[in-house]
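Letters A, B, C and D name the chains as they come in the text, with residue numbers starting at 1 for each one.
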Amino acid sequence: MSHDLSLQGVFTPITTPFDEKEQIAHGKLCENLELWNRTELAGYVVLGSNGEWVFLDESERMDVLRTAREAIPPDKLMIAGTASESTAKTIELTERAAALGADAAIVVNPSYYKSQMTLPVLADFYTGVAERAAVPILIYNLPPATGMDLSADLLVQLSHHPNIVGVKDTGGNVTKMADVVRRADPSFHVMAGSANFLYPSLAFGASGGVLALANIAPRESVALRRLFLEGKLDEGKALHLRMLPINLAITSRFGIGGLKAALDLLGYYGGPPRRPLRPLGQEKRRELEDILRRGGLLA
Amino acid sequence: MSHDLSLQGVFTPITTPFDEKEQIAHGKLCENLELWNRTELAGYVVLGSNGEWVFLDESERMDVLRTAREAIPPDKLMIAGTASESTAKTIELTERAAALGADAAIVVNPSYYKSQMTLPVLADFYTGVAERAAVPILIYNLPPATGMDLSADLLVQLSHHPNIVGVKDTGGNVTKMADVVRRADPSFHVMAGSANFLYPSLAFGASGGVLALANIAPRESVALRRLFLEGKLDEGKALHLRMLPINLAITSRFGIGGLKAALDLLGYYGGPPRRPLRPLGQEKRRELEDILRRGGLLA
Amino acid sequence: MSHDLSLQGVFTPITTPFDEKEQIAHGKLCENLELWNRTELAGYVVLGSNGEWVFLDESERMDVLRTAREAIPPDKLMIAGTASESTAKTIELTERAAALGADAAIVVNPSYYKSQMTLPVLADFYTGVAERAAVPILIYNLPPATGMDLSADLLVQLSHHPNIVGVKDTGGNVTKMADVVRRADPSFHVMAGSANFLYPSLAFGASGGVLALANIAPRESVALRRLFLEGKLDEGKALHLRMLPINLAITSRFGIGGLKAALDLLGYYGGPPRRPLRPLGQEKRRELEDILRRGGLLA
Amino acid sequence: MSHDLSLQGVFTPITTPFDEKEQIAHGKLCENLELWNRTELAGYVVLGSNGEWVFLDESERMDVLRTAREAIPPDKLMIAGTASESTAKTIELTERAAALGADAAIVVNPSYYKSQMTLPVLADFYTGVAERAAVPILIYNLPPATGMDLSADLLVQLSHHPNIVGVKDTGGNVTKMADVVRRADPSFHVMAGSANFLYPSLAFGASGGVLALANIAPRESVALRRLFLEGKLDEGKALHLRMLPINLAITSRFGIGGLKAALDLLGYYGGPPRRPLRPLGQEKRRELEDILRRGGLLA
């Protein structure tokens, strides 16, 4: 079996909407997807970090995937987050996600026992999952959460597996990302994990991005890639620099609470995150509004 | 409500035994506990890091607690690991653990969204859990897993909560631990999270320890503390230095696979860890045997 | 006074040649410069990290600057490394470098007392130096050496000083670099400190680079920038990926000993570094040869 | 040659006094030493980190050693800081220090080229220095300045050199320190580099300490060790906890400026540090006074 999944393009790692009681708001999820579906996004990551998957139990995770798949048209990919610390559980969740119509699964590496997550252990983990999975696997390198940075050597080795399709890299180490592009199997996709560095990453051959920013600015996110590919470098640079403070605000600075507040401000449903995460306070909400306004997303 | 739980003494963070198919071996769990029960251990942490809790699903976690409670006599404390990234889930698991007879719950901090886990967010998390819990809460600071180090300021603030009983600190920062001893509520227990630094920590007033070492050397672990309290400093130092290479082997060097191999070598049931963790290979097993022999645990 | 120094282009942070007794080989320095002078390099950093300045005493530093200035034609800039932990000494060395004909001075931040090097302290340091300097100051951010990463806020603040001309940033954090481009005074130059990330950095407006690679591949280094500016993106990407393993070899992998060995292999004078640094051993030298050959620098 | 230098006891890493123009105040240096000489301090480290050696040029360094030696009686050791990034320069400075009467030299490891400072390179560095030195060498492990932590393996290897006498370890990793005590040559001294962890370090066999605190509280510093050795553990613990906030204030919190302000407050000469370091501001000076008062050093 060899995957023929193309990850060229920009994907949104969607939020999971909660109501005021922190319960999943399935209707709001559909409404958001309807808005995003009108754009040229290549697809969605459902139950990624912006989807607060770590706060959902297994049945909730499956419910979200079911709802999302119904609202995502066939021409847009649904990549399901199916990670778990345990190999067996990751295999099981990936199986269930595939049965619910996921086109691929994205799997962050186990990281609780960091010192024991050596290259061979992680290679076995991903190979074990990929061999049992009915859908292609996208590796998820997420140093801000895992406290680990998957090495170029590991990624290059895994790139040759027929059912491993690429990496979403959130670390921002463009030296390593380019090294992976250079050494990996040609079918392997290196995806920028943030709008902080998607645009410069295109210069060395990143296939696209999975961008928190695409939740609130899907058209601009898609344009970042298109402008580069069309060689409109001045325009591309200007858009990159215009989006940068917005992206910093909804990620490192204000976190999920900030991203959801921005959704609310821009006509989507944001709502509260689950505790211990918190909604954005009034003062920060005003700061965020300013940032969105100066960035041209808000009138 | 104010806790009257004394954490003076040495506790074993027990392993969760699995059979060859990586299923929970409840009988083996009981057999191990019967051996440990004959010692002067003050109690057990069930479902801590050495218990591979991150690989167990919720029902398995409850099953392990049930089995353990039956095998643990009333004069020894059972501290149940009930952590989850979500506040609500942590509260729920703590409730269920209390219903199963846990004397206290140990809760590692949420760490997936590290940059958002500020002091007030973590203070709210622990306070929220403690207020709803039917048993006292022991904070679990575990930098090797979480990639975060809970600050003295946070611990001191939480020490005044009537239902927060102490901290198991695995970071090994003795400056910080002493600062917490100095500034915390007098009822708050600072517990060394490793035999690497229990012995020197007693010098500034640590109450005791929760030691992986106590799985395989419960009597020596208890003796470390007793010798210091009795002022037998030469003997205590010698024992500390004798145990150190063993403890390094079963923790940072060989991990859970090493700890379980040591259990097998010393008359307990070790068995395999769950994947992605691995059993110790032959060569390392021989190295470990040497270390145990030189440390006087193996004839 | 306001600088009119343009740092558009590619600069070589040249090595300091030593003879077999580790004494400065002034003749070899001139010979190397004669070779480099034939290229389109914009200029040189003399006594940067690749120049092993930390191993030279003050009079040696001045001797190297004197020799270099004589060998560097007026149409190429000479940027002199004048750093010291002490503010007063940095001012003094900058004065002397200017008197010897340096066009600018590059100053790595003091970092021995890291915890005390707060934003205001570093701002005062650079402002104090810039105000007394007869030539413009280029900030040198060098996390691999200093263990610190100068913040965007500091760089943006300093960018408005009329005598601070830019930053050579070796950290590789393209998010931060773009943020500085966006927020800094328009006259401020953000220079990539390594060929690892010069090429992608051009996408967001880096002015150029100060590249160890330019010691051994000056034409390719200049071409990286030219290809991007001309919009020859496929060619540029290919060159970037071709140079990457070479650059990794002569920097993070084999260090100064590797860079000097490569110089020797490519018709320049390399020679030994000063101790404690070491010349490359035979085996690694062969590896390096292979890498240079595969990268097309060696026939 | 085999050293017979005993480093049992407590040493003061003395400050270098400057006058208002930041010039060395030799008279004040003597006056301070006269006060310290009346205590049971085992000796002094001159030109350590608290001595701001990185701000002094070579001739200033020699001048300070000359003055200090004249003011230090023969029964107290003078350990001279002779570090430099270069092996040859370190050898030269050590020679000159020995000629000026130093009893030993303390040498922080080169750290500018961190990635190249591998175990064999550092072993060669220290061996090379020790073999040429007329006085014994004390290794100086200083992670807060160097951004590196010398490994137990390196220290154990070097411990067998007849002219390497011990390590001053400022990292605070008590696990590693005990591992070095256990594995090193019996003649090798492990010295706590801070009052933050001297007291607990005595439990596993540290020989003594080199303590910033001993500048302002020499008698208490000496007592910390004596109380432990006499088995007065309650008294020792109380003194450790009483000194801890003071030590945190004059090191990590307020830095050299804080230490010098404390000297001024306590009847010694402090004076200003050299720039870029700064004297303590008024508000922090009041905070510091409070801390000294609550710690019983100030009436």
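Here are a few things to note about the model shown:
Here is the rule we use: a contact is a pair of C-beta atoms (placed from the backbone, for glycine too) under 8 Å apart; a residue touches a chain by one contact, two chains touch by 3 or more.
Fair warning: this is a prediction, and the values are worked out from it, not measured in the lab.
Centroid distances from subunit D, each centroid being the mean of CA atoms, peak for A.
Averaging C-alpha coordinates per chain places the centre of subunit B 50 Å away from that of subunit C. Work out the mean CA point of subunit C and of subunit D, and you get 35 Å between them.
Listed by label, the pairs of touching chains are A-B, A-C, B-D, C-D.
Of all residues in subunit B, those touching subunit D in their complex are 172-175, 178-179, 181-182, 194, 196-197, 199-205, 228, 231, 233, 236-237, 240-241, 244-245, 248. Subunit C makes touch with subunit D in their complex at residues 22, 49, 54-55, 57-58, 85-89, 110-117, 121-122, 124-125, 128, 144-147, 252, 255-257, 274-278.
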